[in-house]
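The two complexes that follow have subunit A in common; it is paired with subunit B in the first and with subunit C in the second.
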Partner chain A sequence: MAETQQQRPGRATAGQDGPARPPLWRDVRVLRGVLQVGFLVATVALVQWLFGNLTSNLDRLGIRRDFTFLDQPAGFSILGAPDFRAQDTIQNALLLGLGNAVRVAILGVLLSLLIGIVVGVARLSKNWLVARSASAYVELLRNIPPLVLVIFFYLGVLATLPRLTEATFLGDVAIISNRGIWVAWLTFGDGSQPFLTAAAVALVVALGVARWRTTVFDRTGTPHRRVLWAAATFAVVTALAFSVLQPPIEPSLPVLDGRVVTGGAWLYPEYLSLLLSLVLYASSFIAEIVRGSILAVHKGQNEAADALGLSSSQRMRYVILPQALRIAAPAIGNEFLNLTKNVSLGIAVGFAEILRVANTAAGNGQPAPQLLIVVLGAYLFLSLIISVIVNVFNRRLQLVER
Partner chain B sequence: MSAPVTTGTGADTARPPQRRVDPARWVRDNLFPTPFNSVLTLVFAPLVVWATWRFARFLVVSARWEIVETNLTLYVVGGFPREQLWRLWLALTILAAVFGLLGGVVGVTAREAAVAAGRTTATTRWDRLARLGPPALLLLVLLGFSRTFTPLLLTGAVVAIGLSLSLVARRIPAALRRAVPLITVAGVVVSLYSISSFGGVPRDEWGGLLITMYYTIGALVVSYPVGILFALGRRSSLPMVRWVCGAYVEFFRGSPLITLLFTGWLVLPFFLPADFPTPTLVTRALIIFILFTSAYVAEIVRGGLQAVGRGQWEAAQALGLSPWKQTRLIVLPQALRAVIPGLVGQAISLFKDTTLVLIIGQQDLLAIAQNVTKQDEFLGQGYIIESLVFVGIVYWVASYWLSKESQRLEVRLGVGQR
Partner chain C sequence: MKRSIRIASVALAAGLVLSACASDEEATDAADPAAPEETVTVDPAQTEGGLLAAVQERGTLICGVSQGLPGFSIQGDDGTYTGFDVDYCRAVAAAVLGDADAVDFVELSASARFTALQAGEIDVLIRNTTWTATRDRNEGGSFAATTFYDGQGMMVDTDSGFDTIDDMANTTICVQAGTTTQLNLESQFAARGLPYTALTFEGNDQLQAAYFEGRCDGWTSDLSQLAAFRGTWPDEQGGAESVKILPDVISKEPLGPLTSDGDSEWFDVVQWVVFATFQAEEFGISSANVDSIVASTNPDEEPAIGRFLGLVDGFDPGLGLSPDWAVNVISQVGNYEEIFLRNVGPDTPLGLSRGVNSLWTDGGLLYAPPFR
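Up next is the complex of A and B:
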């Protein structure tokens, strides 16, 4: 009681001339403000100093500082893009490189996810041999630098294949040589555009059907069979479109004619070695994530599935994997990001992704700083897109808390 | 001094009974439990046998290892002047001495702490031997290709010095143990400069495994503290500090390391004043590794900081500690303990990432592996496979060893169990 009484006079004076403020140099609010402003000023000053040096150095050396060089003719050709001519602009060359990078990234993500899930599940197999083989796969691949893999596949494997004149033929569908592998593919002639559009529409319709089946299942409980329904829808619509539009699409088989292969799809060594190594490397990490996530699903879920009398594949498919996926999704997304960034390893074997194109342009006397800004920007943009997709996916997977 | 309380040591804690399984039963349970699994086994067994046979045959019989034997010094040190090699042995000796000292002190401290807490150390002699397997294998891989006995003898001497100092370290009085980490740091610095200074070899002439190790250790030593600072910055209560640190981390995590190395190679000198001496290529690459790794370390440590409950900060405040002491004494030790596996993982990934300097024209281990195949006697005969397999094994053993040690540490620290 005595203390509260002693406090009173103090409080009274505080009431008279506003809240008692400590001196400025001990006021937390002032200090915080000053600290932040100081920090910001220091950061801005550092960045400004760096870029000031950059501009003055570039001016001193007579290097241009704008981005107009993007419209100049490139002056070099690009591997795997026979349509690209030296007089096309640098901008187009960079876009082509970006397209190549995106193509490898998308294929790599899909393949590594597939292999990663299979190997991850195999590591937990009851079959000793399968489990050990899967462990060996993971331990072998994730402890080797990916660049070693790329170079090994490029120089050690694909370059040792027979020469084109002595190429190995797999029937009519594939030609295997050290200049690359040609496989049967489709040629899309002029005028196949409407059909491709129709196919895209068919895909959207099929997804809609799958969704509709899901809502029907949720409402009535009848078996949804959404995959079957969607596939049937897609097949029917594309078949209809094909018969109506008669698109000029034909199968194209690779044919060796002297020293030139015509037809088919050319998987050139640079592309193949990069894709293979990225897929093997990323899949070993994804397998480990999948295994960890399956083990992280609560034991009771397994027992509950057993109690319901589910078979082991049903238990995996309906109980364990959906829950494991929720745990694994962020980590797998991270691996996708790593894979996308690792596409730039292609430069070691001369695969024409965007960094390689920029490097070639820089070698031709184009300004390196701007080119690298473009490349960094492109990769940051790709990373951003992937994180957005992964985040959306994550949010949909999250448990709805009740 | 009261007698230490021993709980549960000796014969009264019997190990669980070993289940004896007869081989036929084991085969049935593990290889042919279901029809589907039987098919799997029958498909996989020939594949596995074939692959193992091919690889073993390659390693022992068909591989032409003379490319490695001829160029072993090149693989290890690159273009390092041969008459200066004694400096490397000197540096290795210093390193072995200080790390032997450190290892001995850490071991004895941990044992005393375990005894004081009444825990028994669960490792058997066999466990400890098994832990030495991978580094021994690494030495064997490297020394096995040597054509003379000198490296073997010198390595033996260096290992002996390290081991004997780790034995000496056990007898250091507790009061002096605090000095040992400082001695270690000093030893590392001295060994580094004993190579490059005093008429030594500038770092631009280093190569092979030496430059790989230089990048790995150099970048780790600097980027761990810097990364912790950035992590603290991202958790700061000052929005400006948070944003700036966040922007730094996100930028470096979103960019491919190779692109950054290119930037370091081609553009970094432009960022410095005109009269400033241009840093060497090795220094520039090291700077990029540091910037890149710091961002990743910051992200890992941030995870650890988030795992430390608010109550810990509040308790530290209640004790009247200053903000700096709250961080250093209460929060950081807990945060770092939680993320040690992540930090080791980052070290492994940095070790593997150092191969990328090949692309900007540095003579690291991988670059040497490629270049030796262009020597006259090996040109165009497919020696690249042997060369890459050798280098791959070196990388593999080192990464595998580190990851196993990290798992062991994880178990020992009981991460995720408290």
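Up next is the complex of A and C:
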């Protein structure tokens, strides 16, 4: 503050005296340059000192500094990955942990976005009960630390489900117990690859059809019904592929056999408690962002929609939400980043994301500094990818605006 | 503007990475020619200013112990710690400081224990830790001695119908993360061809809670730990009779204290404190009779006992301790038999018999090198 006040008169006098420049130690440009260079040097020196400290201490203790340990057998098993063998390498264990983290992050992002939008819109509902329930949801969930939520779901909810021997059966399609929830799923036998490829092609074709309907609508004004068209295309193409290729895909129902459940998909408590808590936590923030963004859309847009005679749901869908989501996108992107980083809370309940795997390896004789560097790099990598996606998405939204 | 910031940050990051790499290279380059020099400069520094001097200067020993394991290290209602591992912390403090109570206990999880030792947060780690080659080398610590010869076992519900581990196909097993137990479980079940699911936990408390809830069919750990938890099994969960320990012993688990690598003086102190507890039992010296033995021993007639108790003038093994350090250990903590019986013996909830943890003279494995 004082500095800027001193600089201003100094500059003014310099201007009056003509081209005479202040001495170097008072020249703002020089000072700024020196400060920046000084900061850079200090940062580099600090990092170098920390690194030197680490290496010298590791040498003193005789701990390896290289990454060759990644090729050693892990020796432990990983929950939820029955195919992972103890003979597999640490590297594979870490990759599996990263894959687990990515799976939770992707599913978490999709679910929290969906719930967040619904709750955010519900908070603005004119229905008292709906609006209050949505407010309660947001206020409750965003004010609890996510770690507490994870442990609550793990110990307070899922652990209190019935034991496996007294498990609850929902017909043949689900078994609910405190060792996890098994739900009916599909088994993809060997040779189902061509069909899956065909299904992917069908998806692309369906998207193309939706696009074609949009251009038809833009040109002629006939109702596009693009969702219906796309869904029908997808259904027809996949059904054709299924009948032609006869893929070995069968429904797999969970069956309790003594102490083990075979078939179905296993949603184990560690995974479920992490996913649930992350989705609820992130969705409460996204709901607030959505609400704020809807309110930020100009009132005139509402009035214009009313003047056109749009129903309230049409107004929300075609006028308000597209503009609101454009405002909300950067903030929601931040929540996606938070959610992804919070996947590391899985360590509290034993979900095998990469930090937990690294921690287990460190406890079994592998060097902790290198393992943590790998974990740091992995989460940084995930976050940067999400940043890039969010930025690209943002830029496209902004272009549409102009 | 945005782009320039991005470019600058990328440049900064690249710079940092490069400088880090550069310093790494420098370090490795410099290490080779300077290696002999370094050892010369480091060694005296360690003798003069090593951990022994630091602990004596500080006046307290910082000892890493388990987070509540009955019989080995558990905090009572009054805040004091008791247990087998705790007694060895106290024995080291008695030898080094002359006061067995001058110990600060630090509770560590299985996964955090080696990091705490590497970082110098604790002076010695006495946390029912199994001695393995990888740990001795990779974790930056050295195992001083074995204080307890343990083995891994399996605990199951009494009415589970399991009589040996071979009955346990398609089960879920609870195990602590980051332990040798976890690795043994994997290799044993793989070798026996038993499919199973391992549930891992950071602490025994969480593991026990999960077992109560029926999340797993078996609990595998060192037999001493299983005995400890079985002995203190809550009555509302059926008491000790509701669980049983299978007869299979699936591994060797020698447990003992660790010191940080690179300080051989401190390592020797901890090692010889352990040996002193063995030797005291062998000589028949206990906390009850140590004072009368010190008073009545003629060092000329019984030189071995005399050297051990510091009664022989001019005999100093060079550990950097006071001559009566062994007397302090015995009088304030006791000999091995006392430590064993007090914490894990037949009259405790653990109810363990001496087994291989007997003196070599009784056919056990405890053997102290001569004090001379």
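By our rule, the second predicted complex is superposed on the first by the 359 of 402 C-alpha atoms of A that agree within 3 Å, B and C clash if a C-alpha of one lies under 4 Å from a C-alpha of the other, contacts with A are read in each partner's own complex, and residues count from 1 in each chain.
The rule is simple: a contact is a pair of C-beta atoms (placed from the backbone, for glycine too) under 8 Å apart; a residue touches a chain by one contact, two chains touch by 3 or more.
Remember, predicted model here, so these are calculated numbers, not experimental data.
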Which superposed partner A:Q246 touches (first subunit B, second subunit C, both, neither): neither
Touching partner for A:L155 - first (subunit B), second (subunit C), both, neither: both
Which superposed partner A:S133 touches (first subunit B, second subunit C, both, neither): first
First, second, both or neither for A:T187, with subunit B first and subunit C second: neither
Subunit B versus subunit C as contact partner of A:Q314, first or second or both or neither: neither
Which superposed partner A:P145 touches (first subunit B, second subunit C, both, neither): first
Touching partner for A:G62 - first (subunit B), second (subunit C), both, neither: second
Partner chain in contact with A:R259 - subunit B first, subunit C second, else both or neither: second
Which superposed partner A:A368 touches (first subunit B, second subunit C, both, neither): both
Footprint overlap on subunit A, comparing subunit B with subunit C: 40, 43, 51, 56-58, 60, 155, 160, 359, 362, 368
Footprint of subunit B on subunit A - complex, ascending: 32, 35-37, 39-40, 43, 50-51, 53-54, 56-58, 60, 125-130, 133, 139-140, 142-148, 151-152, 155-156, 160, 341-345, 347-348, 355, 359, 362, 368-369, 372, 375-376, 379-380, 383-384
Interfacial residue positions of subunit B with respect to subunit A in the complex: 30-31, 33, 37, 40-41, 44-45, 48, 237-241, 244, 251, 254-260, 262-263, 266-267, 269-274, 348, 352-353, 355-356, 358-359, 366, 370, 382, 384-385, 388, 391-392, 395-396, 399-400, 403
For the subunit A and subunit C complex, residues of the former touching the latter: 40, 43-44, 47-48, 51-52, 55-64, 69, 75-77, 79, 82, 85-86, 155, 159-160, 163-165, 178-179, 257-260, 269, 350, 356, 359-360, 362-368
Residues of subunit C touching subunit A in the complex: 12, 15-16, 19-20, 23-24, 27, 31, 42, 110-111, 113-115, 118, 132, 134-135, 137-141, 170-172, 177-180, 182-183, 186-187, 190, 195, 197-202, 209-210, 213-215, 217, 260-262
